[in-house]
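Look for chain A in each of the two complexes below; its partner is chain B in the first and chain C in the second.
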Partner chain A sequence: MSEIKVDTLTGKTSAGDITVTSEGGAATQSLQQGLAKAWIHFTAVSSHTIRGSFNVSTLLDVGTGDSQYNFSNNMANDDYSTSTTSSHNIGASEGFISYLTDDQSTANTNDMRTVNASNSSYDAQSVHSVVHGSLA
Partner chain B sequence: MSELRTDTITASDGTSPVTLTKQSAAKAWGHFEGDAATPVVEDGLNFASITDSGTGNYECNFISALANTTYATTLTTSQDRFSKTQGITTTAVGIDTKDTSVTLSDSDDVQFHLHGDLA
Partner chain C sequence: MAGKIIADTLEHSTAGSLDTSYVVNGSAKSWMNLTGTGTIAVNDSLNVTSCTDGGTGRYKPQYTNSFSSVNYTPQGIDDNYGVGWANAYTTGEVQNVRGNNSFSVLDAGIFSFSAHGDLA
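Take a look at the complex of A and B:
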């Protein structure tokens, strides 16, 4: 098996576009578009604290069950895709669900809500979010 | 610091996929407006089109097929809507969105990510 050790990969024709071959060999796809552009794992109980993150500069407590994080490097637009998951294992407040706040995500911030099983806004013990899309 | 400039990366045999050390790239992702009269694709990777299969039910069709149906899909919807996969094939993933009464209902923003192997 051959191996190239290098610090930076750049597209030759277009700096932000490198093509890789599919596992089955039937297709090719953009490497950059498949990479996560940001992710965060935080707790919202007591105070908002980032446990781990990538391309996230700050985390804001907007209100009960309402959190917003800012990107270190902005996205190209607000059309990116976010997946969120949350959990809460303190007391009887389980069955957490997370979703995006309507029309509140922008190229530099992402806003999400967490609710408990009664659909009431509630700060979750763990919130996870991953972003795919195009960086500016 | 070293820098490699290239348009395409393949394994040394010239056809097989290259290994990303201890990392995985998404094979498809998408963002669409599900409450429009005709759902609108906002952005995506390997996301060919969307089929409106009924209220709160969508089929997201891939450009390049997946190798099998064991891929992982994660979903997020907008406020007061919840989601689940509904029918997974190598060429499309079905998504249901429901309101807080657990009734099929269109959602404003629907977003998905998919990891697995392409065909």
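Take a look at the complex of A and C:
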């Protein structure tokens, strides 16, 4: 088994492009492009609290069912990809739906809403969000 | 000539170590940010060669490099209701359908997509 001890990985030909080989060996892909650039798990009930995160500096309670987090290191633009799920307390009868508020998401801020099945805004017990794209 | 390192583990001086299988298996194999109204447009993406407009609320990204099986995990969210599902799986593409809270299909202003799994 081999092991590399290193603090920084930098591409040789292009600093921001390190290639990894696919599981099946038939393709190669950019390591940097495939890595999640931010993730967060927070609760929005009572007060907004970050339970875990990466590359997130602050979390804001914008309003009922409206949450916004800021990146520590900004994205290159607002064309990044976000995946988000949300939930109520275990045992609650109603699940929550998450959606993006694209007009308020920027290179340094990601904004999302949570609603119930009736499309009424609700603060979710847990919100999980992952971002892929290019950092600035 | 670019260098090549074969390693099973990466270790940071202070932040811990990581089995490189997590780098390969844990990285997104595809992601996409798409404008879904009018003439659809891929704003930015990884491993997406094109995206087909399958009709109202239906977006089918084709992968540049295919997955090894259909057992991968596509995920999506949009700026309408955030309701959607994926169907018509193949290793080379997946159809994503977006809807409202009554499950009626409608176009998304922005559709955000990612997929994890094993590439061929």
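Quick notes on this one:
One rule holds for everything that comes next: the second predicted complex is superposed on the first by the 131 of 136 C-alpha atoms of A that agree within 3 Å, B and C clash if a C-alpha of one lies under 4 Å from a C-alpha of the other, contacts with A are read in each partner's own complex, and residues count from 1 in each chain.
The working rule: a contact is a pair of C-beta atoms (placed from the backbone, for glycine too) under 8 Å apart; a residue touches a chain by one contact, two chains touch by 3 or more.
None of these values were measured; they are calculated from a predicted model.
In the three-chain model built by superposing on chain A, chain B clashes with chain C.
Once the two complexes are laid over each other on the shared chain, residue contacts for A:T10 go to chain B alone; chain C is not touched. In the superposed model, A:A117 lies in contact with chain C only, and not with chain B. The contact surfaces that chain B and chain C form on chain A in the two complexes overlap at residues 1-2, 4-7, 9, 11-13, 19-24, 26-27, 29-31, 33-36, 77, 79-84, 97-103, 113, 119, 130, 132-134. Looking at the complex, you find that chain B touches chain A at residues 1-12, 15-18, 25-27, 29-31, 42-46, 63-65, 67, 74-82, 100, 108-109, 111-113, 117-119.
Of all residues in chain C, those touching chain A in their complex are 2-3, 5-14, 17, 23-25, 27-29, 31-33, 43-44, 46-47, 65, 68, 75-83, 100-101, 109-110, 112-114, 118-120. Note for the complex: chain A touches chain B at residues 1-2, 4-14, 17-31, 33-36, 77, 79-85, 97-103, 113, 119, 130, 132-134. Residues of chain A that touch chain C in their complex: 1-7, 9, 11-13, 19-24, 26-27, 29-31, 33-36, 77, 79-84, 97-103, 113, 115, 117-119, 130, 132-134.
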